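For clarity, chains are labelled A, B, C and D in written order, and residue numbers in each chain start from 1.
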Amino acid sequence: MESIVKYDSKPVLKDPILIEALPGIGNVGKIAGDFIADSLGAVKFASIFSMNFPPQVNPDQDCVVHMACNELWYAKTPNGQDIVFLRGNYQGSTPEGQFILAQDVMEIMMSYDVSKVITLGGYGTGQMIDEPHVYGALSRKELRDGLEELGVTFNPGEPQAGIIGAAGLLIGMSQINGIDGFCLMGETSGFFEDHKSAMAVVKVLTKIFGMEDVDLKELQDKSQKIDELTEQVKAANNEKPKLNELGYIG
Amino acid sequence: MESIVKYDSKPVLKDPILIEALPGIGNVGKIAGDFIADSLGAVKFASIFSMNFPPQVNPDQDCVVHMACNELWYAKTPNGQDIVFLRGNYQGSTPEGQFILAQDVMEIMMSYDVSKVITLGGYGTGQMIDEPHVYGALSRKELRDGLEELGVTFNPGEPQAGIIGAAGLLIGMSQINGIDGFCLMGETSGFFEDHKSAMAVVKVLTKIFGMEDVDLKELQDKSQKIDELTEQVKAANNEKPKLNELGYIG
Amino acid sequence: MESIVKYDSKPVLKDPILIEALPGIGNVGKIAGDFIADSLGAVKFASIFSMNFPPQVNPDQDCVVHMACNELWYAKTPNGQDIVFLRGNYQGSTPEGQFILAQDVMEIMMSYDVSKVITLGGYGTGQMIDEPHVYGALSRKELRDGLEELGVTFNPGEPQAGIIGAAGLLIGMSQINGIDGFCLMGETSGFFEDHKSAMAVVKVLTKIFGMEDVDLKELQDKSQKIDELTEQVKAANNEKPKLNELGYIG
Amino acid sequence: MESIVKYDSKPVLKDPILIEALPGIGNVGKIAGDFIADSLGAVKFASIFSMNFPPQVNPDQDCVVHMACNELWYAKTPNGQDIVFLRGNYQGSTPEGQFILAQDVMEIMMSYDVSKVITLGGYGTGQMIDEPHVYGALSRKELRDGLEELGVTFNPGEPQAGIIGAAGLLIGMSQINGIDGFCLMGETSGFFEDHKSAMAVVKVLTKIFGMEDVDLKELQDKSQKIDELTEQVKAANNEKPKLNELGYIG
């Protein structure tokens, strides 16, 4: 393991599920994963430091520094499932670094007998979205039916450009190691932090984990602002219909 | 070995020949190698994962992900020769990565007592080609006569810019390890996927492997389209003869 | 340890404090640290060579070459405290290299039972400064009170862009290893080598180390020139008030 | 050792001197070193392959490939001194790679009890030179007198930008290891392959190695062409005197 892992504690976990919630397109995965982690009262138990993160520390409100890192948090769902969240403000800075970090996370999680890997991300369309789909990608096709029942959409061969970074690599590595995994991607324009897309992902996760009664108000409020923004963009485009035809931007 | 090698099976192979068929100029090597592999009903037996490939997975039509990798496939020729194909959609992303991957492939193949290394590639000219030559480069000069009999052309000191990537490195490494090797390069404009150039390479390989009765129809159909394209370009150039004089483009 | 460490001597040090004084914004940290080291008559005892420095040697006035490196110097303060200075003309050339070098320095210093890590740097504002503050960042918040008494200012969450390079990483790594550390950042425009900002940092350090009677004349003379420069810039801006409104430059 | 070293033979060498003759400014070092090696009838005994060279092979006139590498050649001078030449068409492709290669070469040479390291290079001025000096840089100042007697010039603190690549690193590493070393830099405009500058370096080397009666005709002929070129540039500049004032170009 190239990374330096510092443990705050070594929790005993039974067949935990790993949820990856790192920054990405529209920050959908991070927002969704952080929301679930906070809702479950997750507790940080390890920090992963690496030459593959930016070489810096960030001072907090107490002027105490925090070195760029990824963190592992654990929680238990209402239906008794142990979960580990991979959280942080950074993905690896280079392609090689992303691979090494994913390898190291996988090695840690396999030492915990990880039972499943769920990665969260955005599915960028470059267009304003009214009702974001949640798209899925799988480590094996037998996982599809169960997810479709929860409202996940499967778009053959998509995204064509591949799933980049931790969201992709961790599913790929779980697949290699014979562990079930899937990626949930919230449809997003990718133009801003997309809480509405994240909420769509959260709704799928709450069904998986028996968290249907979780309070979504925070995400709903932020989603409403995105709705207003979407309406404004549409109105502007209706006035200048040719702009609308430009369609895909990013 | 830096790469992660996952075996689907461990075939017993007798003095196998390695054929490298990765992407490159005009994709000549990949098209030719994949055609031979498919014609022989090759079977995948190993996947090579590496931080030196792009950090991503690509979903297939079942939304099942595939991590960027190279693959080893094996087959037996009509005349009983075991062959291993190095296939994939990627070469290493960096110069260092290409070297490491070639080293790792060579190490795997030497564990199988590889008897010969044949790498396939394109020989880019930047000009439309009527009848593509197949050029050769060798690990030792004694290999030349046999290949000339099969129609391979030898152009002293060419390509001047060297043979880049796996097609070059694997011959170099076979040479270092005392294993015979040669590179077959189909002449190509390099402007598009060149099935006609690939067919020229395939014809040499069919002679080597006793596959003269293989059905080339698929390649012939695609080659015909390239002929039509070539005619169109020539016609256009005849109308504007000065454009023709520009000659070399790429 | 990836670095090559060559020792001129192996001094016996009691609970030394590490002071990092490498180049950075306004060169504040290097100027301040070098001044303290020279004032205490510090002696070089080790050179750290690395592939992460530029691949070169620099000839001195005797035409004797010096390979790019970092150096460790030791000294004792008037109040009997052993200090090790990390000095040099280079930081690591890449993000990964900076991390590795900080790791290696930390490993060396932990073999000396380092008791505290103080890193020095500049706090760039992009504006001419009359009386530079010295800002602090901490490995733990309990260190704050003592430094505030010495005139260090604490600006919550600042610098927002983080503390980059050795000044940040060494505090982060001391924190990880349970060693107290703080970073002193002299406020600076960042437009030139800022001896005035460095003098402000030096004044804090002299209080920490009982060096209040050190002769600051060299720094005062250079600070005066910076004052003159600042006045000229202000005068010029007063004549062209709109330029002044541009405010932040760097 | 990261490099792959393949030995053609393992010569017995007594306290050999290493001469580095790799490409660089004006190719002065390579031309001079290759000339001396050829004059002494040097024999290749090892090839150094590395991921730090370009990932390619180059076909020769027999269409036999040669993988990018550095080579070690040995020879004996008229006065009985064993010499090893570091030759090739490449330096390491990256800063890190250059460091690693220099380290590996040094490790090989120390296994041969190398007694001295002489690196050859160009000293670029950006101006046409009539009579190129040979400048020196040293691992220790005591080496200066002997070289001055041979006509080497010492320019304090020069080159200010440092000596980059193998010519610098190998002297730096010999210094670290307590081995005498110096760099001979032929003054050159740096605008073209400078055989005249190389001849100046060769003349110093012939004095060191008792080769005063070596036939310099090849270098003299090429130098004469450079003289003619220099005269033409001067004449052109005299006609357009303002161009001359532009002075430094590169």
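We take it that a residue touches a chain if its C-beta (ideal position, glycine included) is under 8 Å from a C-beta of that chain, and two chains touch if they have at least 3 such contacts.
These figures come from a predicted structure and were not determined experimentally.
Chain centres were defined as the mean of their Cα atoms; on that basis the chain farthest from chain A turns out to be D. Chain B and chain C have CA centres that are 55 Å apart.
Chain geometry summary: the mean Cα position of chain A and that of chain B are 39 Å apart.
None of the residues of chain B touches two or more other chains. Inter-chain contacts occur between A-B, A-C, B-D, C-D. Listed in rising order, the residues of chain A touching chain B in the complex are 92, 95-96, 98-100, 102-103, 136-141, 144, 154-159, 162-165, 168-169, 171-173, 175-176, 183. By the touch criterion given at the top, residues 4, 6, 47, 49-52, 54-68, 93-94, 97 of chain B touch chain A in their complex.
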